[in-house]
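In structure tokens below, several structures.
What follows is a pair of complexes built around chain A, which joins chain B in one and chain C in the other.
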Partner chain A sequence: MLLVSWSAFVLAPQLQLGGAKQVPVLNSTEVYPHTRPGEANQGLQVYRANGCAACHTEQVQQDGVACDVVLASAGKNPDAVSNLLATLTLRGLSQEAAQAVSDKITAAGGKVETHIVAVGPDIARGWGLRHSVAEDFLYDNLVQFGSLRIGPDLAGVGSRLPDANWQLLHLYAPQSVVKGSLMPPFRYLFTTRKIGAAPSPDALNLPKEFAPADGYEVVPKPEAKELVAYLLNLHADVPLYDAPFTPVVVAKP
Partner chain B sequence: MTVNDKLDNKFGGASVPASQLDSSFAPPVDASCRVPLLVLFGGAALWLVVSSLLALAASLTFHMPDKFGDCSWGTYGHLQPAADDALLYGFCIPAGLGVALWIFARLGRTPLRGALVPVVAAHLWHLGVLVGLVGIFVGDSTGFAWLEFPRGGSALLFFAYLLIGLWALMNFSGRPAGAMFPSHWFLVAALFLFPWIYSTANILIVGWPVRGVVQAVIAWWFGNNLIFLWTSLVGLGAAFYFLPKFSGRPLQTYFYALFAFWTLFFFGSLRGVPSGAPVPAWLPTLGNLNSMLLIVPVIVIAIIGWKTVVGAAGPEGKDSSYSMIRFGFVAFVLSALLQVAMSCPQFARLTQFTWFGVAQTQLQLYGFFAITMFGAIHYILPRAVGIEFAFPKLIRVQQGCAMLGLIILVASLAAGGVAQGLKLNDPNVAFADSSKAMLMFLRASTTGLLLLLLASLLFALNIFAMIMAWHWSLVRAVFAAVVAPLPKTEVKA
Partner chain C sequence: MSEPAPSTPAGAELVSDRSQSPMWIFVLTLTLLYLGAVYFDRHSGWFDKDVYSPYANAAMLESYQPKSGAAMAAAQGRRVYEQVCGLCHGADGLGKPGQAPALAGSEWVIAAGHNRLAHIPLLGINGQISVAGKGWNLGMAAMGASLSDSDLAAVLTYIRTSWGNQAGEVTADDIKNIRAGLGGHLQPMSSDQLLAMPE
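After this line comes the complex of A and B, so read on.
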């Protein structure tokens, strides 16, 4: 009995995934994922040591995929096309509906593209472009899925909040950047010290209520910097075979 | 007369009225367990208080997050896992091991031999818990839920468990031929389960880590097998011993229990990976299927409890051990039903990543397991030590605080979890609103934790008073022996 359960949940996953390799990125020649840089890897250990996973998950969920029909060019008859567009639903369509809509627009002379998008509350909140998959964690030798969302999901936080200064301020005093934040501050990852000959370039630029006494400055300890390096390295935003979507290309003029 | 009845009457197991049970074999058997039980239960009581304090401190984070930022010892990510582990490893497991040791000795009518080994092992266990908890606070946690203890702590736990388990099994195999009761199956299975899952998880996650998400799969498998299956096996093993003893009616019936045992073990061990996890889809699917099938053993177990208890004469007067074990039994059925519900896709989606799961775990660990253990320990310890509790009236108060505190805690977290889930699943609601929806319930749950702290303190008070009384009786005995003139026969020998 013990052996059955062990084979199913220990042996079989290891056989299936233990030898997993990088996978190709959809519609591209690149492979995914890449190892995290050293500092970010150390940051993962800071994340573990401070128990961030007690409040944060790193697993974006999605309900499924839908199609968005996007107008690529209005063609020769822009008025007719834009009148037509006003009467149609273009987002969140099933594949057949998207096909029907694009047929109509094409018939009116427009040119369209169909984009595949992930749908679900997590995606709508901007936590990621697709659900998390096993590949995202291939090179992490510590997987911090978490199980409780006291705070937002962090699987894609590096894309959402890419500013290192914001992250440092948020760690030192969450309420200084998010009003009424419930996240406890991590002041112990910083040192408050007397300003020397010149202010440190690392010193936090804190709003008044959170700033230290005059003549003092707050600088991040190495752990805080590593942690932020890790957070900024968290982005799972390439389309894969088992989690497809159409990356949004910067609009051409 | 069923097979069960015959066995019971022969070996003084379940079906004889409680008053006749403590017949001549009992006192030496009880006495043989005395010191191991004092160490196991004494340490458990201490960790229970520690766990309650830590849980309360963690909960205060939500009342005043800003106060917890200056010291790494006071951060939520340390307090909460430490509180959980202190409850599970500090209280639940040693309490369960002690109760199992005693039930084996009683059912087999065989005194525990070589009690020194379990005594040393129990000390090692508690030392392991201390090392593990300190490890969490200094940042050495492994980062996996229910498996946070760093190597040093988990190695101590593992060896201590092996020793205690071995001694329990030796006692078990020394019983008279043929004396095999339903409680035996559950307890023996649990003895084997822990070393197996604990070594697997520690070796493959901490020792020589496997890659990527396989770690998480193993951690989930481990967590479920320990939190759900291990506690169910031990708690039901104890309940199936005590319920018939108190109600005065044999366990209804042997064959139902046999069926419940195998189905619980089979379905209960093959699950753990939540739906939607970033792992191959067959893992959560298999897990959910087995979670749903848990309905089968749960119904059978509920029937066993119902038929054994309802309408039976019961003990004379009110017995708080009986009420606690019955409460625990009902909590088990509820907790397991919640597990079944949480495996249904709709409900799983609503409750995933919310406090609802925490509520269910608390119901299982505290409502079912800890309260069953309170009942059992209150029954066992005075008999094993031969001293009554110093404050017997407080046992009722302790019972009230534990039950009420648990109900407040679980109800507020479960309701809050649903409120939170509704908002999390609505993309038009900002995340911050889902936290706000939760906040009121979280703060209510602090009241529950306060009551649980009181219950822990009262429990520990009686246990510690008992330990002191026992030490005092030792001192007096030694003193009397030293002072007394030696009888002639002993001088010769």
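After this line comes the complex of A and C, so read on.
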């Protein structure tokens, strides 16, 4: 009996994922993931020590996959194509429906592309662009899956909220940046001290009701900086073979 | 509780009879096993490490791989641009004074053909060059020589279609042909040499 459970829960996963390594990012010469920089790696231990995983998950769920048909060029007969587009559904299609729509538009002279998009409540909330995969956690020790979502999922927080100052303010006084936040403040990751000869460049720029007394400043301890480095390093949203989607890039104006 | 009436005379040994297990137990077990096997086949992905829900199997996952098109090329192009070109030419394509001219609105970038443009990253430039009416005299190394055909094509397409530029796309085959046409030429180009070749 022991042998059976050992085989099912230790041996089988080891055979399945034990050889996991960096994988190529779709349609690119890049690989994923990279080891986290030292500070972010330290931050993982701060994340763990403070029990962040008690209220935050790092796993995005995906319910389904859909195709969006996107017009690449209207071709020589733009009026006919735009009249046709008005009659068609272009988003959230099945593969067959997307193919049928593409064929119709191509027949009218337009040029289309089919985009693959992930579907599900987590994706709709903006927590990620695809489901989490084993590679997302390849270099994490220990892995901080989390199982309870009192706070939002953090698998892609580095892409969603990439501002280090915002993250520090949020750790010191969550309600200063998110009204009605349930998150407890982590003030012990910061020092409130008398301003010396000049204010520290690291001092938080807090709104009035959260600011310390005049002549004092709030500076992050190394732990806070490490934790923020870790949070900013969480971006599990590149397209991979086992989690495909079409990245949509808007060129910076 | 009433004792069931003994079917054997008192004192006689109890003997198991030969009545069979009911047939429905076998039918039910086999049906459940069959349904379980069907469910396993549909949802397990046969323990393939790449197959996650909602993909049922490797073939379905394969069919949902995005085909490369303009969107994929733009993502690839932007990544290459920001790693290689953006340091001098700026993430916004506006260039940096004293470092590199703007790519947005540059006549070299938005030319009808991409032949001259492709030679610049492949070989580099040297000497005087005029960009959008402004004279520059800076060298550029052959930054694109080590890029793959598809990366270079993606990045050229990216600069030709971003920041208000509206020129045609460049394909990996175009770059392959241009690279093959270089022969043994390895020296940086001058503005005159570029102008002498077809657009």
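Assume the second predicted complex is superposed on the first by the 250 of 253 C-alpha atoms of A that agree within 3 Å, B and C clash if a C-alpha of one lies under 4 Å from a C-alpha of the other, contacts with A are read in each partner's own complex, and residues count from 1 in each chain.
As a convention for this text, a residue touches a chain if its C-beta (ideal position, glycine included) is under 8 Å from a C-beta of that chain, and two chains touch if they have at least 3 such contacts.
Predicted model only: the values in this text are computed from it and were never measured.
Model built by superposing both complexes on chain A: chain B and chain C fit together without a clash.
Judged by the touch definition given at the top, the superposed model places A:Ala53 against chain B, while chain C stays out of reach.
For chain A, the partner touching the most residues, choosing from chain B and chain C, is B.
Looking at the shared chain after the overlay, A:Ala134 reaches both chain B and chain C. By the touch criterion stated above, A:Ala97 is placed in contact with neither chain B nor chain C. By the document's definition of touching, both partners, chain B and chain C, reach A:Gln16.
By the document's definition of touching, of the two partners only chain B reaches A:Tyr188; chain C does not. In the superposition on chain A, A:Leu206 contacts neither chain B nor chain C. Contact with chain B, but none with chain C, is seen for A:Val4 once the two complexes are overlaid on the shared chain.
In the superposition on chain A, contact of A:Pro244 is made with chain C only, not with chain B.
Judged by the touch definition given at the top, the superposed model places A:Leu148 against chain B, while chain C stays out of reach. For the pair chain B and chain C, the model built by superposing on chain A gives 5 Å as the shortest CA-CA distance. The interface of chain A with chain B overlaps its interface with chain C at residues 16-17, 20, 131, 133-134. Within the complex formed with chain C, the residues of chain A that make contact are 12, 16-17, 20, 26-30, 62-65, 70, 72, 95, 113-116, 131, 133-134, 239, 241-249, 251-253.
Chain A contributes residues 1-2, 4-6, 8-10, 13-14, 16-18, 20, 47-55, 57, 59, 61, 120-121, 124-125, 131-134, 136-145, 147-152, 173-175, 178, 180-188 to its touches with chain B in the complex. Residues of chain C touching chain A in their complex: 47, 49-55, 61, 63-76, 78-79, 91-92, 148, 151, 158, 161-163.
For chain B in complex with chain A, the residues that touch the partner chain are 61-62, 65-66, 68-72, 75-78, 80-81, 136, 139-143, 145, 192-193, 196, 200, 204, 209-218, 220-221, 225, 265-266, 269-270, 272-274, 276-280, 283, 286, 352-355, 357-358, 420, 424-427, 431-432, 434-435, 438-439.
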